[in-house]
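Shared between the two complexes below is chain A, which pairs with chain B and chain C, respectively.
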Partner chain A sequence: MDTMNRRNFLKLTTAATAAAASFSAGTAFAKDAAHVVVIGGGVGGATFAKYMKMYSPETKVTIVEKNKEYQRPYGSSEVVVGRLDMKDITISYDALKNKHGVNFVFDTVTGVDYDTREVKTAGGTTLKYDRLLVSPGVSFDYSQIPGMDSPEAQSKIVHGWDAGDQLLTLQKQLEAVPVDGTVVLIPPPNPYRCPPGPYERSGLIAQWFINRGDKNAKVIILDPKNGFTVDVTMLQAWNRLYEFNLPESFKGYTAEERATFKKYDKPGKIQWIPAAEGGRVVKIDADNKTVECEAGVFKADMINLIPPLKAGKIALDMGLADKSGWCPVDQKTFESTIHPNVHVIGDACIAGQMPKSGYAANSQAKVAALQIKALLAGQEPIEPAYQNTCYALAGRDDYGMFVADFFRLKNGVITRDEFARYLPFNASDAQYRLSAVYLHAWMNSFTQDIFS
Partner chain B sequence: MNYSLTGILGAALGLAFLSQTAVAETANDLAQSPRSAMLAQTCAGCHGTQGYLQNSAFMPLAGMPTTQFVTAMKSFANGSRPSTVMGPLAKAFSEDEIKAMAAYFAQFPKNEAQ
Partner chain C sequence: MKKITLAFLLSLGSASLAAAAEQNAQDIVHWTPTTWAEAQRDMPKGNAAAGEKLHSTLFCASCHGAKGESTTNNWPSLTGQSVAYTYKQLLDYKNHVRNEDDRSHLMVVVAQMLSKQDMADLAAFYADQPKPCPNGLPKPAPSLVTVGDPKRLITPCAACHGANGQGGVNETTALRGMPRDYFIRTMNMFREGHRNNDTFKGMSQFAKPLTDQEIAMLADYYACTEQSSLAPQAKR
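Here is the complex of A and B:
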């Protein structure tokens, strides 16, 4: 799929339609053995397959996935700062196969025929489905950033936002930053995968500098936004830990809360320049490691750009995305509003107020499993319920925070219940410490909920 | 006249037996209902599939008595039990929803290896 553009994919799809039509094939599966094919073995696809088998053992479930092992993106910034190795974030599919009875085809999808309900792979496998579930993750769009639209630039400045070897590239680049050096980190515009992630990574890097005894090295965040998920907890922590000066333009605090912030004479180990203060990047010079934003030009020793995101490439190739670059779905069942019998979950789908996070993909997968079970039985889908919890570190390993939301379907849109979602401003030290404990425990229990 | 005591007792016992069966069936229906599974799945991302856990940071929910579950959720929601994540989350659920989740997790044996 990587080397194939969308036109080729659709051509292939058309060819497949013609070939299948000449066979006049009927539905290959008996009613008592429905087949659900899953494209993508990430958080969404793997959770779905496990829970589909749990809720409906009689249903046949097949995952098509190009990698034989999974590397988790959630929590993977800890690889950048050397707290984890790649093997710590690598997960086997064995339990899904052997314990839960999920079939795997380790291959690349090359075409889908929506009429005959067939998925074709590069290796020549054809899978007939009753329902297709696509959980394709994200792809990256460099076209809007002058200076970054070449493979050379993209090999020098990497995102590390989809696990893989880019994490090790970032780790090496960080180690090569000289004493008193500067890292420029550029978060993406909304919407994007893992909303607290770019800021957690900034904190992890600042803490890494402190741990190596570097007093003046710093992280400068050049942001196209004026706020982010967990900002009120994160910025308060940075003010306490990293001599962080709160930008004048930030509107997230009351006057009383703002008055508790320390003011430092010079910029600290983390600087955050939001859009309102000129943080929007206009040009990057990958060779000279300079970043030009509306506020001026910054010379960096290392640049970590997380570019704007779109739905995973296969979803774009399959024609499941709209002009926004994301996939519109019926938010009750996650069935595509473009192609019937096809469901899209996880980062790639448009899911109302749900963020693009691992927890959200996991929760959507379980909703989709219950709804597809009902649909396969000819029943009405039930009232859905969704949840998201994102944990993040301020940087130091024992200072944690979170966002926690419960969502309901209201007028067809996934809508969050309006309750407090962060730790309170005056939370206790124990609550920050416990949140960090829960973050680390969650990495394990969440991974087990998906893959064990 | 002598509708014997045993008859009355028997009828009373029968009624008691019937109502217990009815309660058990209702609890079972609630535990098995897709709506309960739908609500309970939202917990599993931290608390494990069907509430089974292999770490000690979170509370295992599999096999938890329903009264314990309901009491915990109510005390998280009203703030009488200090918390981090559970305070915000517990507020989201109605009393019936909490009972449905409690019934779902109570149906599983406590110590079964996942």
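Here is the complex of A and C:
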């Protein structure tokens, strides 16, 4: 959205406020009860609302969300390969409403007035807030990839990186890949949502080919990066499972570790071409399914492009992002450094060394709830701690891995504690298997933590 | 770790992850006093150092604490449990005798990877750790603990679980320092019959007549949050 549009977006409320009846859903609350309005009912917004009500039952909390049910993006690549249905990743807001007393307005935000502290929706609702929390997720930026700037190209080549029907599109495209076919998967540059995700999806697809008895079908990853979260565990797994040849340029292993890798005569079921070996994509032809990268031209039967990411559109419209496309915040309270009384959490915010993940958004939401409780009471914010774990599958359902981190605030920046983050290089088979068990258990308990 | 690798190879592969934790009710063999006595005679001698290694490599610490001393309200402390108790619970998970909810489902899957020696090693390690709640339980003890309720045929808790909640001579749970939420959840599971690995309903018959308030009161008592060095957030 350009500057003009953004100004209109921000002005809209001021013009409309006088006429609009103010929102009166929470009549059970005392008149002076604080009201926190949450924009976005994803992992960040939903966790925040639940924990805000648990930490401070007297505070009124209202989520504005356009969808009546939530589709979880975490773990949703399992839909692409048919291990899960859409109903398996669809979650009700009923417990937040009925058990935790969170108000919902199912509507689209059309404007905000930071002076009068009002949010306006398309349906004509005006919400007055004491604190506003924005958890908008991500939006996708195709402008840097020649050939992908038209809606037509974007309908043929989808990302499937924000749940929704695109997952089913990818599922159908995968089923249509002929025997011995080729899938080209293009991960985004840093920073992006779910760092191990593109690689897990690559493994899931390679395994899906094996499961259908396809010996020669392959996944080619064309990467603008030279490494990724959990790479040392993932590449080792692929070498064992998918005849994956380790790129010469990869620097993540010691010489001894590298010597344990098998070398295959021909490219296996997964090939990874990092930036150092020409993986950066320069052009995509959506009609002919060809991808040109610095290393050459690849003809594909299916292309899965996850384009560069930015903060969710609503955050851009609200003027909460800086030039990077992400939202700068005070990393202790997640209060926007651009607009006071507005907090931004989750993928959209700049949170030091924390990755953009559902787990991180959940952890940030709990910190934000404690901080907003303190701020509403006129108290000092607490000294926060944060955590993140990302689980991933190598492809096969019993070969898992993870990265686990703890963070603290150091000089105003969320900083990782230095501990071993990954499984050791010589982990046991039981540990890979248990990691997969933990991944599936985490999906359940994490979803319960947010929505039950 | 050789044993574990072997268990892994022998297991049924990827599709078994979910299936591993499901078994037909009629195939589950519950204990009798005789079979349990045999199982104990059959128990290998545990090695605490090997148990500590398993505790780390099988990620037990991520829920149960660095040495098995739970620091959250949700997961049971394993420190202070007798060798017999831990060994029996792990056997029960492995044999699907204990599988009361999603949380135990996870343990059922983990237990499939354990040999009897592994289980004995883990049991020896946890029994070796300092007991939780070093200053003892609050005083005075509730009358349910010391005299029970003869009118409802409730035996005093202390009769089996010890005057100091230290557990019985045999496989009875040590309750001292048990996190509150886990205690309440477990009692509800016994009351509703979801958990039934107690030989001859030794626990569930007493859990059934208890009220919610009584269970909460006992949970507070055994959690001994005032004296314990457990999770400060558990202080009330």
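The working rule: the second predicted complex is superposed on the first by the 425 of 452 C-alpha atoms of A that agree within 3 Å, B and C clash if a C-alpha of one lies under 4 Å from a C-alpha of the other, contacts with A are read in each partner's own complex, and residues count from 1 in each chain.
Going forward, a contact is a pair of C-beta atoms (placed from the backbone, for glycine too) under 8 Å apart; a residue touches a chain by one contact, two chains touch by 3 or more.
Remember, predicted model here, so these are calculated numbers, not experimental data.
On the shared subunit chain A, the superposed partners chain B and chain C overlap sterically.
When the two structures are aligned on the shared chain, A:429 is found in touch with chain C, with no touch to chain B. Touch counts on chain A: comparing chain C and chain B, the chain ahead is B.
Applying the stated contact rule after C-alpha superposition, one finds that A:437 touches each of chain B and chain C. Of the two partner chains placed by the overlay, only chain B lies in contact with A:362; chain C stays clear of it.
With both structures placed on the common chain, the touch criterion links A:236 to neither chain B nor chain C. Touch criterion met: A:445 reaches chain B and chain C at once. By the touch criterion defined above, A:398 lies against chain C but remains apart from chain B after alignment on the C-alpha atoms of chain A. Overlaying the two complexes on chain A leaves one chain C stretch of 23-31, 41-49, 59-67 or 203-211 clashing with chain B, which is 59-67.
In the three-chain superposition model, chain A touches both chain B and chain C at residues 431, 434, 437-438, 440-441, 444-445.
Residue ranges on chain C touching chain A, taken from their complex, read 1, 4-5, 7-9, 11, 13-18, 57-59, 62, 102, 105-106, 109-110, 113. Chain contact summary for the complex, chain B toward chain A: residues 34-35, 37-39, 41-49, 53-58, 84-85, 87-89, 91-93, 114. Residues 50-51, 54-55, 359, 362-363, 366-367, 370, 373-374, 382-387, 389, 402, 404-406, 417, 419-423, 431, 434-435, 437-438, 440-442, 444-446, 448-449, 452 of chain A are the ones that touch chain B when the two sit in their complex.
Within the complex formed with chain C, the chain A residues making contact are 396-398, 428-431, 433-434, 436-438, 440-441, 444-445.
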